[in-house]
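Each of the next two complexes has chain A plus one other chain: chain B in the first, chain C in the second.
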Partner chain A sequence: MNLDEELKLALRRKEPPPRFRDRVLAATKQRPRKIWRPLAAAALLTLVIGGTTARYVEQRREGERAKEQVLLALRITSQKLHDTREHIHELSK
Partner chain B sequence: MTLIASEVEIEGPDPLARARSGDGDAFAELLAEHESMVYSLAYHFFNDRERAADIAQDVFLQLYRSLRDIDSHSHLVHWLRQVTTRRCIDQLRRRKGLRAVPIDEVEHLATPCGDPTLGRALRQLVATLPESQRLVVTLRYQEGLGPEEISRVAGMRLNTVKSHLHRALRSLRRMLEER
Partner chain C sequence: MRKTLFALLILAMTAPLHAQRLTIDIPGLADKAKEVVDITLDSQMLRLASKFLSAGDSDERAVKAIVSKLEGIYVRSYEFDSEHAYDPAVLDKVRAQLGPSWKKIVNVRGRQENSEIYFDMRAGSDQPVGLVVISAEPRELTIVNIVGPIDLDQLSHLEGEFGIPHMSKKGANDHE
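Right after this comes the complex of A and B.
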């Protein structure tokens, strides 16, 4: 037996199942639509997360500004109280 | 005359160029031309028609998305062989259950009606070989490739290809004698 020749015969090319070509061609037409779905979902998710993050950052900034204003008011009040106390102290001498 | 013939060939309809520019009919022509090569590589690797059809479909879908990277007919054939063999090996490694079929099972399968053909027996024996040997034997005998071309397609060193081929043939001879 010539093994080389027998292997060539045994492993010769075979035709794929019927309708294989139709299946592949149909899949090539479906693919782009399937690709757009996750892309659209990812874009929407990015927008939602981005919007939420931007609002959170803005609220935090406003909070920081309010806190600074309160601290400034307290510093001014404290200074005024200190000046008044000094003034009373001088008058009482 | 040779010059005229080659000019006609160059100017004639080139399905690859047309497919690259989005012509669906041209892609169908490429599919018709190469489907038996791709399907058979996977079929002889797994000895499983359904799995071979799934792999071949995935390969052609990948081709559809990669047409711009293919610059000639010979490049296309090399690309298809390379991608198909890689997918076969990837799938084999991903699904550990798809190990080489033990010889006892093959002998049972090869004699379903007491009248086995040598071709069928050989295909089933090839399916028992280790994956690298199986790959080399399929590329050698299905596609008629020489060791250098197999080494380029399979990404193996030339000496490794020769060694796999030698061992595979020795194993096949031994298994045939034992049958």
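Right after this comes the complex of A and C.
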């Protein structure tokens, strides 16, 4: 068999298998549903990342506030200890 | 029964190791005050604050070293528009909570200002495990309660930093 004959044989018209059209149409109808999957995954990912980021930002804000409060508390404590010491010095003069 | 006794024994043995948190809230006082400082930092908040104190900064590292051992810092400070806006007797409720382990280290009574400093000195501990400062002025009242081991050496390292005034540790405990 030469090449021409092989090509003719390979490219000859073939009838589609039974219910081929129905299967193609059914697959086409299902396709739009599959598009929602990556969209839903992307939305979920955005929510997770967004939630994590918001939690991190809130935790950071809370931590910074706690730090400021610690410094203020130590400042007030030391100030009062200092004032007391000064008071003692004044009284002992 | 035996288990309960054992649990009570363990509790009694470990109780002295835990510093005491006092109730320093005085109902109604904040409403009368012009300015209020209300700081409540339990161990969880102190751990959180610790994470945000830079280990690279020597001053913040010193604060971190102090804070890491503490179980709580509680400050109530009230500033009033007029003198004698509060009844000094309200402080009796704070003093009444101080058990036998609390030692009055400083008691200064002046015309305008009264200061009291108490340390919680537990048996077996070479450093105070609690501090109470009561500073009463005609227009200002401050109560501080620090819960946990207080290293005066570390505290003195904070002098001049973060607005903390210079103070010698001798000055805080050499008068009674």
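We adopt the following convention: the second predicted complex is superposed on the first by the 58 of 93 C-alpha atoms of A that agree within 3 Å, B and C clash if a C-alpha of one lies under 4 Å from a C-alpha of the other, contacts with A are read in each partner's own complex, and residues count from 1 in each chain.
The rule is short, and it goes like this: a residue touches a chain if its C-beta (ideal position, glycine included) is under 8 Å from a C-beta of that chain, and two chains touch if they have at least 3 such contacts.
Please read these numbers as outputs of a predicted model, since none were measured by experiment.
K.L.:
Please work out whether A:81 is in contact with chain B alone, chain C alone, both, or neither, and reply first, second, both or neither.
P.N.:
second
K.L.:
In the superposed arrangement, which partner chain does A:3 touch: chain B (first), chain C (second), both, or neither?
P.N.:
After superposition on chain A, A:3 lies in contact with chain B alone.
K.L.:
Scan A:39 for contacts with chain B and chain C and give back first, second, both or neither.
P.N.:
A:39 sits against neither chain B nor chain C.
K.L.:
Is A:91 contacted by the first partner chain B, the second partner chain C, both or neither?
P.N.:
So A:91 only meets chain C here.
K.L.:
Give one of first, second, both or neither to describe whether A:11 is in contact with chain B, with chain C, with both, or with none.
P.N.:
First partner only.
K.L.:
So which positions on chain A get touched by both chain B and chain C?
P.N.:
Common to the two interfaces on chain A: nothing.
K.L.:
Considering the complex alone, what residue numbers of chain A touch chain C?
P.N.:
59-60, 62-64, 66-67, 69-85, 87-89, 91
K.L.:
Sort out for me which residues of chain A touch chain B in the complex.
P.N.:
Chain A reaches chain B through residues 1, 3-4, 6-17, 20-21, 23-25, 27-28, 31.
K.L.:
Tell me, which parts of chain B touch chain A in their complex?
P.N.:
Interface residues on chain B, with respect to chain A: 24, 27-28, 31-32, 35-37, 39-40, 43-44, 49, 52-53, 56-57, 60-61, 64-65, 118-120, 122-123, 126, 137-138, 140-142, 144, 169, 172-173, 176.
K.L.:
Which of the residues in chain C end up touching chain A in this complex?
P.N.:
The contact residues of chain C facing chain A are 37, 39, 41, 45-46, 48-49, 51-53, 63, 66-67, 73, 75, 77, 106, 108, 110, 113, 115, 117, 131, 133, 135, 142, 144, 146, 155, 158-159, 162-168, 171-172, 175.
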